[in-house]
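Listed next: structures, encoded as structure tokens.
Same chain, two partners: subunit A is paired with subunit B first, then with subunit C.
So, the complex of A and B:
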């Protein structure tokens, strides 16, 4: 506590630090909110300048960008179905339907508050227990546990946004199959990048990069939404979503308190584990919110808890990601790797000793992350009152802008044209998918969890000499896998019984 | 059997000797070809932002701007282990305005038949600016074994149990070196494929694997903090910094170990004057104080890390020969 106050005083007592804090906050939010650039772009641009900064300033700046950048992408996700960054992708699932229902203010309000709450909570835990947690987490969570965690997430994916459980599972399996396109994560074997369709030979280096979930999301959600809206304009029955400035009420927050807690917890775990990070945090938070909801059928159609789950989880992952970085020198993602780079530039070694040797740096960073998350509330409130008015622009003017932003976003992801083609293809498929009762969100969940899951599964099997039962000799992994299987069985059971009940009632 | 292979690999001993005469004198740049360099150049990085290749590309772009006034736009095109960026590079006009950074992955991919472009013929290497060797690491606080000999004993006492975090790509430099070592010493270490570096390091520190295969520059922070320590160096002679660590030849494995190298390429149809100008700019950039400091931080100063165009072609062709010979032994590739 004394250290925290000390860090805060150092931070706000130093004009340069305050200026960098403000710049990082606004810069991160802007870069997060504009599709096509993200906080990594900002980080890569700023990294060379950190050589001339003092080390605590540079590390503080990047951790503030991290906090606000992860939040920034939520705004476009909610208003236009375009996630500003991968971390905000699941925010689209319910955020945009809320906008359509005229609840944009509520959705953004929830995103703002939950980002802040998740971020502050993880900053607090980070301050309290970094050295302790870091060592434990890397030891307790091996590939087996990570696979089990992803499997657990997959078990509930089928219930997101589909008409029936079967259509939900088919959607998820479609996603899992798409995940196998590209270079496999173990042997580096290219899959489905060449072959023949109807006698036509094809071979593509681009496809060896695989299908990324971001262009899929942009296509399924943003592009196909433009088509759908255009059609309803042509049919003359489109209602413009009302720009709404209403913040969620306290009662509404109270109603989602468990979702928030759960996401905080999941986000925290995903953040600590090397190589997992905020994106998986958001997806797991979302799928578990569906799992535990009393009304899972409302997810994907504008449920506040969906936005809450995803935004709480991705921001609590930010604080958590600093734990392995500072305590073990293990960066979990690209932005934390850049922070690692700053340490190296200044000749410092992250690791247990940093708390003793550079405790001022550690505490100024902790304090900055804490206050950055609190500032998100204020900045977000300002945004809610201003940005939402974009919705008053007629759709025929908005539509080209959305398509443009989505195209830029898809291309800028990896600077590969294949992503743009995938986006438009997914847009066309998504347009028809909406009428069939299959779930676009399910496909996306299958795709991302499939990629991460395959990699974790392969590593686990190599470690366990290809003995599947090995999972059950590890308590955490065993618990998660059994829970996942029970979830699947009970959802199938409920579906069958539900159908029979319906039939019986009709008869 | 691999022992009997013709030593056509990389003569690292000669390489160590060659490191000495490379002074840091300012290089002479030829005159800039007429009409070249008037607009920013594109530097393609086939890996993600923030990684080793990205850092190298940005550092070299800065150095070349300093010495030749060339402006570079660094564009990351990650995917497929460096493969996905190749078509865009090949489609770029052959006017010298597009430079690609690439690593020895491209060479093993070509040797294996995964890509059809020959890095020494279809591309012209401007220069190699990072060449490094690999090592095997254990946790700093490991108590089951403390050096190579005790690890070897441990691996022999627990057959099939000792595990190593490594890259999994079939035919990669990492797996080739490890299979040569295992064949030479008659020991088996389980190779666990981790695709992300952070996961590899986390797996060692978290105790999920026993040892790690890596290059010293990538784990320098862990070495400096004592979280990891090297037990074997894949090099002909011990470099000064790692004087206490035995080399693979000392422990009885007689093969020339492959190296990791990163460098810069243009397409082979780029006009000769532009290519030579870029190559000279790369050499001058390599000698700048800023770039030297960068390479030193990455432990890229332990062996001669520089090759000009001619030297790079030799390096690549030698590596292709070595890979092909090993692939034949192992029965992989096309």
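So, the complex of A and C:
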């Protein structure tokens, strides 16, 4: 506590630190909200300038960018179905339907509050237990546990946004198959980059790099939304969403308290594990919210708990991601790797000794992350009062801007036109998926979790000498696999029971 | 109503297995075909990997099997499912609404899908900076914006903002075209936007 107060006083007693704090906060939020650029873009631009900064200032700046950048993308996800960053993709699932229902204020209010709550809680745990948790989590979570966690996430994701369980599973399988395009995770063998279909040969250098999930997300959500709205305009039956400034009430927050706590927990653990991070945290948080909800059928149609789950989980991952970095010198994602770079630029080495050798740096960073998450509430509130008014602009005028933002976002990813093709194709497919009851969210979940899942499965098999029962020799993996199997069985049971109920009603 | 009448009515409401080209069967065929194509393509990289027994093709093949299983499960589910009682009028309405669309509305619907792909085809040739105003105009026209003021204003604002944010401030590299004249025009626009920097 004394160290935290000391860190806070150091932060706010130094004008340069305050200026950098403000710059990081606004910059992260802005870059997080604009598709095509993200907090990593800002980090990459600023990284060379950190040479001339003091190490605590530089690390603090990047930590603040991390916190606000993860939140920033929620606004465009909710208002226009364009996730500013991948970790905000699940926010689209319910955030945009809420906007369509005229509840944009509520959705943004929930995103703002839950991002702050998740982030603050994560920062508090980070301050209290960094050395302890880091050591345990990294030892206890091997490939088996990561595969079991992903299997559990997939088991739940089949019920997100699809008309029936079967359609949900087919969507997830389709996503998993798309994820196999590229190279295999063990031997680096190129897959699906050449071949022959019905006598027609194809070969693509681009496919060796795989299909990136960002163009797919932009296509499924932003482009397909423009197509859908355009069809409604052509058919003359489009309803305009109303701008709304109403914040969620305390009673509504109370109703989702368990969702928030669950997402906090999931986000925190996903954040600690290297390579998992905020994106998977958001998806897991969302899928578990569906799993435990009494009304899972309302998810994907504008359920407040969906926004709460996703935004709490992704911000909870931010503080947690700093734990292995600071305690063990293990960066879990791209931005934490940049922070690692700052340490190296300044001739420092993160690890257990950093708490003794550079405690001022550690505590100014912890304090900055704590206050940055609190500031999100105020900045987010300001955004809610201003940005929501964009909805008053006719959609016909916004549509070209949305398409262009998505186009630039997809292109800027790897400077490849093929990514833009993938995005528009995904947009057209997404349009038909919506009409046939399949789930775009399921495909995206399969795509994102597929690569990680296959890699963890392959490593697990090698470690367990190809004995599938080996999963049950590790308690966490066994628990997660059993939970996943129970989830699948119970969802099939519910589907059959629902059908029998329907049959009884007909008879 | 006699018992046999009731039985007959229930039978009527059950989806018949016989129409081979009903939607559930077509959907099943689609997924099965997809699984078969993906499976056949895995033959191209079915190489053994020294330290991994399942090889590069193991995981995708398992997914193909899962896809075929899921599709078959869905077909069985749909074919054995009874239709809920619905007003026959209500089922006809969407189709009727679709048929009542004018030729112009149909063209408009096709245009919304086609315009972005024409843009995608043209952009590498004529460059982002030349192609983009045409895309904005095309989308606005397809979305029934007809007022000249709105067409010019929205095109100017959207294009201007894109240039300002992505070209002037963020230096995002966008395609400048392969055809020489357009290449020059694109670079001239970039230079103009970055004047004074």
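Assume the second predicted complex is superposed on the first by the 507 of 507 C-alpha atoms of A that agree within 3 Å, B and C clash if a C-alpha of one lies under 4 Å from a C-alpha of the other, contacts with A are read in each partner's own complex, and residues count from 1 in each chain.
Heads up, the rule we're going with is that contacts are C-beta pairs under 8 Å (C-beta built on N, C-alpha and C of every residue); 3 or more make two chains touch, one makes a residue touch a chain.
Just so it is clear, the model here is predicted, and its values are computed rather than measured.
Trainee: Put subunit B and subunit C onto subunit A via the superposition and say whether they clash or fit.
Mentor: fit
Trainee: Return first, second, both or neither, reflecting whether A:208 touches subunit B, subunit C, both chains, or no partner chain.
Mentor: Once the two structures are laid over each other on A, A:208 reaches subunit B alone.
Trainee: So in the superposed three-chain picture, is A:341 touching just subunit B, just subunit C, both, or none of them (first/second/both/neither)?
Mentor: After superposing on A, A:341 lies in contact with subunit B but is clear of subunit C.
Trainee: Is A:169 touching the first partner subunit B, the second partner subunit C, both, or neither of them?
Mentor: second
Trainee: Once the structures are superposed on A, label A:23 by its partner contacts, choosing first (subunit B), second (subunit C), both or neither.
Mentor: In the superposed model, A:23 contacts neither subunit B nor subunit C.
Trainee: Counting only touches as set out at the top, which of subunit B and subunit C does A:100 meet: first, second, both, neither?
Mentor: neither
Trainee: First (subunit B), second (subunit C), both or neither: which does A:483 touch?
Mentor: Neither partner.
Trainee: For A:40, decide between first (touching subunit B), second (touching subunit C), both and neither.
Mentor: After superposing on A, A:40 lies in contact with subunit B but is clear of subunit C.
Trainee: Just to be sure I read the superposition right, which of the two partners does A:230 touch: subunit B = first, subunit C = second, or both, or neither?
Mentor: second
Trainee: Is A:462 touching the first partner subunit B, the second partner subunit C, both, or neither of them?
Mentor: Once the two structures are laid over each other on A, A:462 reaches both partners.
Trainee: Please give the least Cα distance, whole angstrom, that subunit B and subunit C reach in the superposed model.
Mentor: 6
Trainee: For subunit A, give the residues common to its interface with subunit B and its interface with subunit C.
Mentor: Looking at subunit A, the two contact sets intersect at 41, 186-187, 189-190, 415, 417, 458, 462.
Trainee: Can you tell me which positions in subunit C touch subunit A when the two form their complex?
Mentor: So the residues of subunit C in touch with subunit A come to 10, 13, 27, 31, 34, 37-38, 40-42, 44-45, 47, 49-57, 59-60, 63-64, 66-67, 70-71, 73-74, 77, 81-85, 97, 101, 105, 108-109, 112-113, 116-117, 120, 123-124, 132, 135-136, 139-140, 142-145, 150, 154-155, 158, 161-162, 165-166, 170, 172-175.
Trainee: Over in the complex, which subunit B residues touch subunit A? Could you list them?
Mentor: Those residues of subunit B that touch subunit A are 48-51, 54-55, 58, 62, 75-81, 83-88, 114-115, 160, 163, 168-170, 172, 190-196, 198-199, 201-203, 205-209, 220-222, 224-225, 227, 297.
Trainee: Would you tell me which residues of subunit A are touching subunit C in their complex?
Mentor: Contact set of subunit A toward subunit C: 34, 36-37, 41, 164, 166-167, 169-170, 173-174, 176-177, 180, 184, 186-187, 189-192, 194-195, 197, 223, 226-227, 230-231, 233-235, 395-397, 399-401, 403-404, 408, 411-412, 415, 417, 420-421, 424, 427-428, 436, 454, 457-458, 461-462, 466, 495, 499, 502-503, 505-507.
Trainee: Touching subunit B in the complex: which residues of subunit A?
Mentor: Interface residues on the subunit A side: 40-41, 43-44, 47-48, 138-139, 141-143, 182-183, 185-190, 193, 204-206, 208-210, 273-275, 324, 328-335, 337-338, 340-341, 343-345, 349-353, 414-418, 455, 458-459, 462-463, 465.
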